[in-house]
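Structures are listed in the sections that come next.
Two complexes come next, and they have one chain in common, chain A, joined by chain B in the first and chain C in the second.
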Partner chain A sequence: MDNLGIFLQIIFWGLYAGCIYILLATGLNLIFGVMKIVNFAHGEFLMIGAYITATLFFLTGINPYLIIVLSMLVLIGIGAVVERLCFRPILGTGKLNEIFLSIGLIYIFQNGAAMIWGDSWQSVKSPYDGITVPVGSLFVPLDYILIMVFTAVILCGLYLFLTKTKIGMQMRATSQNRKGAMLVGINVERIDVISFGLGCSLAAAAGTLWIVSGQVFNPYMGSIPAIKAFAIIILGGLGSIPGAIIGGLLMGLAENGAAFLLGGIWKDAISFIILIIVLVVRPTGLFGEKGE
Partner chain B sequence: MKYSAILIVLLLVAAALIAGCSQQQAATQQPSTTLSQTVIKVGVIASLTGPASNVGTNMWQSAQVAADKINADGGVTLKDGSKAQLKLIVGDDESTQQGGQKAATKLITDDKVDILVGGYSSAVTSAYEQTIAEYKVPYIVTGASSPIITHRTDIDTSYIFHHCPTTDTYGQYTTMFIDQVVRPAVNKKLGTSADRPFRLALLFQDTAFGKGIQTAVNDTITKNKLNIQLVSQQSFRMGESDFRTQLTAVKASNPDAVYLGAFPNEGAPIITQARRDIGLNTIFLNAENNDNAQFYKDIGQYGEGAVIESRYSPYTAPAGAVADAQNTFKQTYFTRFGTYPDMMGASTYEGVFIAAKAIGNTGTTDKATVRQALVDLKMPQVIEAMHDKTISFSPDFRESTFDLWMEQLSYNATLGETRPGIVWPDNLKTTDFVLPSWYVAGSSS
Partner chain C sequence: MRIRQEDMATYGIIATLALALAIPFLSDSMFILNLLVLMLIFIIFASAWNLLAYSGQGSLGHAAFFGIGAYASTLIAAKSGLSPFITIFLGAAVAAFVGILIGLTCVRLKEWFLAMVTFGFAIIVQTLTVSILAPVTGGWDGIASSRLINPSIPGYQLIEYYAVLAITIASIVAIWYIMKSRIGLAFLAIRENELEARAAGIDPVRYRLLAFALSAYLAGVAGALEIHHIGYLTPELYGVENSFWPVTYVILGGLGTLAGPIVGTVVLTIIWEGLKATGLTFGRYVIVGILLILAIIFLPRGLVSLPEHVLEWLKRRRKKEPLPKPAGD
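The block that comes next holds the complex of A and B.
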């Protein structure tokens, strides 16, 4: 493999990793944008999404790329319940409450998943396992192309939902000015439920795409991606969905570039080095606005 | 009627008091406590939750099989010929250093165990060794493979005994296998002279375990002046699941083989991603902890041609008495738990037997005496092949010596999984090492 080939391959792995991060961070940003809550348990929704897809796949043998829709729908429901029972009662009572609540949820979800599915590592074999596609000078697995396509489709769908539907526009209005939204008659509590559910469904999509890529998973898989998702939304700008997309891609590329040039142990550290630099140079993040 | 009721109540109270006195009298009339009339408490430290729970559960269940067998056979045979029963108490280290510290402290101070068995992750185990040193409780470590467990000098490790090969041992063993078997096979395939340097890449976990393997390989090459060139040494974070970038770097170094210092949940994805996504069609050599049923399940057809250093496998055993003993253990375990025990389970099973033997030899649970019994221990091998067929601990670092072997995996399409065959050393091997047809040797260009 020549140097250009290696470079392209690293870029490709970075884009793939970026897709997972984008979906996770976009969901987190959607929730933060509307509700302004800090949910450290967001990675656990990725984990639950992964398990739901894997379980349905093991039971039915249906293509996991089709199960992704079902998994997202289930997570909308779970997210709505969590919002209604956990976050709504403490909304506006202070960030500390939100942080401790979400930390509590991490343990509840992890232990619950361990009880239901066991806590050993598992893996799923995609129906397209072993199929490669020529992309320029590279031969890349079909699964990764599909992962990128699915991410793009989901993001386009989200864009259309937010810009073309009434609920989407109400979500944006609530995100921009919650009190103003209430004054014009928007039911912000209903918008909170929908936003939380939608954010969780994006995490479920990320979880599904994680497992079809052949990565192993267990109930504790969500913690590190959740931390990275927070770094991404701070990097991209709190509440900014374009920021989450650019931030996710940057994070994926930076991690893989660092792993290649500096070694695997720098893979996680580099993300936070970039984050610190951005916060020092531009505290609002790449696309953030003052006051967030 | 009223008086009758009062009388009955008084009689009941009197009866209760008399019974209490009788019991008290019985208790005080007991002779002084001897070991033959008590229970020996064995603490088992295992990762029942967290990332290592698969292995930890296996260790705990294997310990139960051992204790049940010992107790069913009448208990621990003491020096005077009498018997004592074993009672196991488990401590969950939660796969974390803090959890390990908590588990060890609880077992020692609350449960007051007589001896400890277990420990998997070297990082976790080394974190609570200070507690073992402080309370001076004999501890037979059956899973953590870093030599620092008994070699470290910052604390007193004299109560700690190491019943599993260290990374030093199997790192050296695997490197010698590469030099004596894989290198000639590659040279033969390439039609090159025997003095062609073998191009070896290392991909290892950034922990005491992974770095231990890296050190062992480097030291073995230097010490024995082996014609092996380390063309890439890449590390990764423990628990990583995406290895594609490191594997791209490894592939760019054109290796003849790749030696992995990885846990099973890392080893299987590494090989899968290397062969499926990167096109790195080479021989992957794995540490012994990968030789478990979950690894074979996860790796599927991509395991074809891979090599594992081993001393206990769920699917093969060297011929002889050890194979029979292993089969009995596997079947007993399967009957009870519905799965097969793994390697760490096997050594933990033996750890309970070692604990029982040491206490039995002394007839006491006095910890200093039991420690000395472990130092002096010489007992027949149980289910794993030991050096000289005997379990004993070295005088310097209190390490037992195992007979190791190398096995190569071949794909069984019916099962949809690979199965191992022993290829080295010659006295144990059941099949020959072969380079698969898809194998691509490295090149310096």
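The block that comes next holds the complex of A and C.
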């Protein structure tokens, strides 16, 4: 294959990985925007979403691209329970507590999943496995294109939800000014639950899309993508959804480029190197207006 | 009867020390002795993390310093032939130096940003260890490390236990001294209100770096002790788990207190080994996670504040007063 081919290949890999990160980062951003908390255990919701899809797929054989909806709905429920039981009692008691609480959640979810599903690597075989679509000089697996389409559809749906529905507008109001939202009669605690659930369902979508492409998964798959998603929202500016989308794509491209140029072992480290450089040069992120 | 708090603390310290010295005579099980050595090492590690948290900086990547101390000490011992008892402190100095470097990038960062950078830093160090530095570090396979006490000496485990105990006590006394000194007060001032600390003439950057260096040094000592005790090291030392354990111990025991890391490590080790007897594997982590979350929500000042809560509760019961609403601290 010529150099251009390799280059295009890396771009496609990057875009595909970027889609997963965008969904995770957007979910984190949604939760941060409304509740001003950061959940380090967000990746565990990605993992649970992936396992729910995989389990239903193994049991019923339904197209995993359809199960994504169910997986997202289940995660809204799980997210709401976690918000109510764990995050609400400590809301406003200090940022460090949120980090420590996330560590507890990571322990519970990772090992709870290992108890239910075992800790060995598994994989799902997509119904479109092996089908490729010619794009320019390149043959791209159909799954990758479907994943990008699904990401775009979910993000458009989220945009419509946030701008057109009453609850969406209440969420935006709460995110802009929590006290003000309370004054105009918005039940901010209800909005908290909904945003947290929604953020988790986006993580479930990311998890489902991650595994349908044939990636192997185990209960510990979630932590690294979640931390990267967190790096992305710092890169893109906290609370900025367009920032998360651009940051996610850049991160996907950068790590696949680095994996190709420096070797696969650098894939995880490179995102943190980028993060540290950005934080040293521009502590508010690339698109952020004011730092937290 | 009234028990003064200071007296209680003094009796507690004496009892703990006596128990620590006597335990090898109460039980001659090598398994328990080995467990105790590892527990002491983790007390140092948790106390090191706690010292950084004392200055308001929560790190999620302390495994990096733990691992750097371990690698540096092993390599220095292998190259120079020095006794591990000397290289432990040289290796820890390397960890402290790296701690200052990472501290320099973090001085402007707080909370999540700091947590993120430190977490990422541990991953970067692990990547470097298994890629560029692999010829020296042995890559993923790891390398052998000289033993603290030569296993051919009769009763070497007992000597090792007392040696580690001595280092642990020295570390805790050092931390106690730091917390009590002007440095400790400056850490507190920065944690509580950076602006006011600055107004009082405290340079936050300098003290933050100092906290990083001290904490990284002690974490390096702990890491070096552990691998010289086990005799082998791999890059797994940099794993997320090693970064999370000190956090868990300290939060459970009591954040920002001298006794917190000790109480937390001892209690959690007992629970952990007790649960092992029931045959749980993943379930143990789930239980630790639940305990951690319960502690954060219901016992924000950790297990060390438990006696206070109990005394308070007893007093109120005696007076037949209705319980007040729990204070939201």
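Everything that follows uses one rule, which is that the second predicted complex is superposed on the first by the 290 of 292 C-alpha atoms of A that agree within 3 Å, B and C clash if a C-alpha of one lies under 4 Å from a C-alpha of the other, contacts with A are read in each partner's own complex, and residues count from 1 in each chain.
The rule is short, and it goes like this: a residue touches a chain if its C-beta (ideal position, glycine included) is under 8 Å from a C-beta of that chain, and two chains touch if they have at least 3 such contacts.
Worth saying up front: this structure is predicted, and the values here are computed from it rather than measured.
Asks: Clash or fit: how do chain B and chain C relate after the overlay on chain A?
Replies: Superposition result for chain B and chain C: clash.
Asks: By the touch definition at the top of the document, which applies to A:I6: first (chain B), second (chain C), both, or neither?
Replies: first
Asks: If you stack the two complexes on chain A, which partner ends up touching A:P141: first (chain B), second (chain C), both, or neither?
Replies: In the superposition, A:P141 touches chain B alone.
Asks: Quick check on the superposed pair: does A:T60 touch chain B, chain C, both, or neither? Answer first, second, both or neither.
Replies: neither
Asks: For A:L279, select first, second, both or neither according to whether it touches chain B, chain C, the two together, or no partner.
Replies: Touch status of A:L279: second partner only.
Asks: Given the touch rule stated above, what does A:D119 touch, chain B (first), chain C (second), both, or neither?
Replies: Both: A:D119 reaches chain B and chain C.
Asks: Touch check for A:F260: first (chain B), second (chain C), both, or neither?
Replies: First partner only, chain B.
Asks: Between chain B (first) and chain C (second), which, if any, makes contact with A:I106: first, second, both or neither?
Replies: After superposing on A, A:I106 lies in contact with chain C but is clear of chain B.
Asks: Quick one: is A:Q176 in contact with chain B, with chain C, with both, or with neither? Answer first, second, both or neither.
Replies: neither
Asks: Is A:T165 in contact with chain B, with chain C, with both, or with neither (first, second, both, neither)?
Replies: A:T165 contacts neither chain B nor chain C.
Asks: Which chain A residues contact chain B in one complex and chain C in the other?
Replies: Chain A residues touching both partners: 114, 119, 224, 263, 265, 268.
Asks: In their shared complex, at which residues does chain A touch chain C?
Replies: 38, 40, 86, 89-90, 93, 95-97, 99-101, 103-108, 110-112, 114-115, 119, 223-224, 227, 230-231, 234, 263, 265-266, 268-269, 271-273, 275-276, 279-280, 283, 292
Asks: Please name which positions on chain B make contact with chain A in the complex.
Replies: Those residues of chain B that touch chain A are 49-51, 53-54, 57, 206, 234-237, 239-246, 248-249, 251-252, 264-265, 268-269, 272-273, 276-279, 294, 298, 300.
Asks: Touching chain A in the complex: which residues of chain C?
Replies: For this pair, the touching residues of chain C are 53, 58, 60, 105, 108-113, 115-117, 119-121, 123-124, 126-128, 130-131, 240, 244, 247-248, 251, 282-286, 288-293, 296-297, 300, 328.
Asks: Chain B touches which residues of chain A in the complex?
Replies: Residue list for chain A touching chain B: 1, 6, 9-10, 13-14, 16-17, 114, 119-121, 123, 125, 129-130, 139-141, 144, 213-218, 220-221, 224, 255-256, 259-260, 263-265, 267-268.
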